[in-house]
């Protein structure tokens, strides 16, 4: 019985609705946070920051956002790429229009702009459901990308149509632009991840979150017992887009530095985020992180292994990568359709019983 | 490193180009033991034409002593320009990337010789001027382009040229996602009957556009593509009907150059070919090999300047910046008269801005050069480049260096 | 008719269906059945009784092999039908051998009309369209309500109509053995009575065997010959229907009789009483 | 003015033809969705895979040549034969059947009775797999499709319309051929679904896997059948689209054009796919025609989706889709 | 079963005023006439049963009351006012809660969350406060949690508090559903076959819950049930429907002897 909850008694309901009701978990959580915020910045180098950590963090935010919409509220969306583009472009516009505004503010504001756009595209969800809705959200995806591509105002009339992030600082330290230190990039993303994960957690454990889940599990019944579907769905769209927008803003400003709508925010990105959410676990915050890490890191890992270690030709390696990723996705679904998060939960369950079989 | 894409939607173009690049360096390593006695290690990194993977490639390979990046994608080039600049690794985007990078004062680490997109636009118009005895006032010219940064590159140039020469120009953007179905665009073109069509397309869009042009019986000889819209991949699906299609050429097509004998002897016959070897002589293969040759020359130049064999990225940059391509050098490398002669300088990273026009002969299934080298309207182009570079510099607080 | 089978139980080799000491685990962790054995003789009606969560549904699904799609697994024991082990058969193969399950919870095909639902029931039959349509008429004559609604999509019919539809659908496959999971749920009283008469009829005339998980103990024990009582995944009591009916615990907890005859629901006072066999 | 009108008609006619080509792709989606409730994301890749197989077989390409050569240092690329078109098509169809069996055996079998989104995800995994597998097997180069299909402008129509209206209409012969293929396919599929016992069983499976199992429908059999048909329909789509652009990776992206068609026609309706295709085809061409001067081009990408979206707001199950049952 | 000597209705709690009145309700679906011109009332504090053969229109009636179906004809009066046609969630906010015939729980949520969702209409803290888990929001959550726990205790489902309800056995799900409806502290509680799929013992429990709710909180209850024993024992008045029409209305003793009802539904006298 390595992992125990016996002997853990909770005498009040607030205690019981804690994020980590088991003391061991809580302790571990603080330890991890400490390492992430204080330890990692000292050792992170360029490669780790730019190719591993920052993308994982940025994608995690997007996955968190989509998980709120799809995992908690049950509305499948394939418009994530488009909403990320909204975040990125509003961030760019804000940064260039108000050069003195703190970049952290800009990023939060882009989140709000995206939330508004999300609400607009969320309206049809009142009528359209399931895969029909999923396909319908592609309208948002294509329209938004077209818009940013086609209206020069969005890219400040630059000749190429690309947007490039200007350099901005926080406390005198550059966080955007080519001269940013890797640890600064990492920390700013970490900051957003932390704040947003905390918000997500709060929302999902309170009545807003329950109204989402009710809509997800059975929308008609939810309405009959008093959930306002209009409100719940639009809230979910807004919050989800808020997250996705911030992720897009970070993707542009901190991670890539320069983007073009059709390439950086294409339909593939939408699918990618959806994979993360499903592989990680629908309706699980931890799952969003696990999924993002899985989808971002697996190809990198495979590439390092196949090309770096085994020196396969790049094309064979890449094709094999696809084959392996595809097969792994299927394998995971077969082993555990409810994602990595559920797998972790089962594992814990077994650990709790261990060494007794049942 | 060579950021290649042998997979994904653009693999038909990425494969031959990658083969050419690799094979040339394999040849140097096999035949000459490298450059100046130092074997060249070409790091291949697969991007599938995807920006993010490109960044990952950059980050993962830059620690391995990379001298220079050939991103082979305009989108990735944009990512790498600030990164390379900040970290002091030169970026060589041959005939693509950011046009303004031709201005070496603002882009000290970025090179796009021998010619860039705006040169291309100007050269195409020059060709049309030549066909019409120098007067194209009132003619209608349509640009069919990919609706992306790359495709929009020539628009300002064409507008500027239209003012100068008094032709009408209009633009038909095609989104990548719908580039397989261009019927409405081509019906529109059929109705408007432009005198000439230019194309800035990529991937499957080229092939479909040429098919559709053939379908509406557009006279192929009035249809001119940029050098990225002029490979065998683009014309073959249309078969016979693509006969007469023209495209700009940065270098010679075909297997005529002596270098191919060496490649056969030292690379293909030894089983060292990067791919199947069967692409040798195709436009994109030659582009890869040509790019490799230019790179090798720049390395040699760098070695000469600094007097060492093992060079650093900074030296590499100097090599690129002082590269002088002459006919003799090309001939010595087995590429006689293969590309234009040009000289790179501190101020000019864009080369001479010359290119040929090639035409597709569907019966012989080969490209043929039909003109001499055409020089772009450098005065106009340089002005545009300077303006754009200055704008970029102003946005990003970059001070020009003195040249 | 009751009681005639008590001796027969010894001759388990004759049993059409026999379940030997099976254990079922869901999701690799939740142990639900902890060694259940039971037998259904050829031509018998056997009732499976037990409270909510006792494991009746799980037992039936284990037999019909529908467990796998619920991520459940039979980890111990064996199940044989007509002497042949059936654990590794596809559910559809089992249907072709004549074992059909009526699932709990009115699993109609929502988008199909009632009539289509019934016809799908005959999917495995190979004896020609005319026989099928004859049986269709038969089902309609059993349940005239279905005939009224034959053209409506099953998803839009009332709960009871759906229940009838599922029952009728099972009959359409001309089974040798039917596993019934709470057939009486949501049916009007007189229909329940009629349905059990049909069961009895099929049993007697056509020799169809039944395994019947039922909450309506009263009626189940009236029609069954033998019964098993399941509690928390174990068989706690079994015996012929008449024996069970006489058992004081069964009388109190399953038939709702107190010493002084039937109690009124209004007078029940305490919620949590212990059953004698559990204490 | 008259010319404008004539042009608009021409554009619509072409849209109609294109629309039918879209529906050919959409049909594959419909089949699988209708029969098993699975939204098969891999349909686009299946189109590509089928076409690659066809071309590869026909040209006598050695599968996995690149891999084999890399591993064994050999230099084999081709068997050196050239199969006749009919034989190659038949063989490719067989390959698609084998693929269907493999999908059932290694994926679907384990995912009975899971939520639709899980199955959807599994098909995404399949798409990844096939994408890598297809390219590894046949290589990433572009390959012209060598079938005797008619292409180019139809002179008969052009001259006939020119005589009548003084304006020659442009209709692609390939489009006409595709429309005929689509019509034949749709008709036979509709008949199949309507009049066979399997048709009903398929719809039952789509409604509820477990209940279908309980009445003795063998899911495995059904899945193999329907994925095979979808694969063969994919082959047809691959041939038609491959004739336009050569067979290469981008062929799989055509799926994106099929989705709005699917949505508009209803996920479960075969005639819906055709009608949806026509509406989308005509609609997007006309929209481009009218709006291009105002808001700039390249609207086709999103217009189809917007059209479908607006339409769905009024009819959430699409044109002919099965009504979404809302009951408690 | 007919031999039992059952009590007549106990003295009514509450004022006996009319809480809800349905006047001339007709409901059609295409060609199907599900309800035709049915009128009845529900008095404050009573237990009102609706019975009738399958497909008689009982569930549809509850759906009309809870605003899910909108009848083509007829009026609904609630607490003395005519109720305009409104969305179900607004009806719920007025204090009408219900359970469903085919269990409609939120399958992937835990028992506790399901019951907390039942309190949705009573929770007031703002979106922002919840996002920040700010004082009032946390306090409110705790308060409601206490109430939910009381219901859990009351129904004796403590052990399954944290289990996703989807895997629970049928009977327990029914109980959770009742809990969810109770959590809304409704004025009027609608129960659609709350005891289907239960054995006698469990039915006894369920009856007890219903009677207690009725007694202690004075909640008015309308219930549909096919078990005549239960219906006759615990209800105060019964409406009988058949083929969408009302064929009887009255106290259990009257209904039991009503010939129409016996013919159409009971089969034999109960």
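Assorted remarks:
In order of appearance the chains are A, B, C, D and E, and numbering begins at 1 in each one.
Throughout what follows, a contact is a pair of C-beta atoms (placed from the backbone, for glycine too) under 8 Å apart; a residue touches a chain by one contact, two chains touch by 3 or more.
Computed from a prediction, not measured in an experiment: that's the story for all the values here.
Listing every chain that touches chain A and chain C alike gives D, E. Path length between chain B and chain E in the chain contact graph, taken as the least number of steps between touching chains: 2. The interface with the greater count of contacting C-beta pairs, when C-D is set against D-E, is C-D.
A straight line joining the Cα centres of chain A and chain E is 42 Å long.
Between the CA-based centres of chain C and chain E the separation comes to 29 Å, rounded to the whole angstrom. Chain B and chain D have CA centres that are 35 Å apart.
One simple way to say how far apart two chains are is to compare their mean CA positions; for chain A and chain D this gives 32 Å.
For chain B, residues that reach two or more other chains under the stated contact definition are 6-7, 11, 15, 147, 173, 175, 177. Of all residues in chain A, those that touch two or more other chains are 142, 146, 149-150, 220-221, 224, 267, 313, 315, 318-319, 322.
Counting only residues that touch two or more partner chains, chain D has 66, 132, 135, 140, 256, 296, 298, 301, 327-328. Going by the touch rule set out above, the chain pairs that meet are A-B, A-C, A-D, A-E, B-D, C-D, C-E, D-E. By the touch criterion stated above, chain D contacts chain A in their complex at residues 33, 39, 66-67, 70, 106-107, 110-111, 114-118, 120-122, 124-133, 135-136, 140, 256, 259-260, 262-263, 267, 295-296, 298-299, 301-302, 305-306, 308-309, 312-314, 316-318, 324, 326-328.
Across the complex, chain C meets chain E through its residues 26, 30, 49-54, 57, 104-106, 145, 148-149, 152, 156-161, 163-164, 182, 185-193, 215-218, 253-256, 261-266, 268-269, 271-272. Those residues of chain A whose C-beta lies close enough to touch chain B in the complex are 46-47, 50-51, 55, 96, 142, 146, 149-150, 156, 158-162, 164, 166-167, 177-179, 255-260, 262-264, 266-268, 299-300, 303-304, 307, 313-315, 317-319, 322. Across the complex, chain D is touched by residues 63, 68, 100-102, 104 of chain E. On the chain E side of its complex with chain A, the touching residues are 66-68, 87-89, 91-93, 97-98, 100, 104-109, 113, 116-121, 123, 125, 127, 130-133, 137-138, 141-142, 145-146, 149, 180-181, 184.
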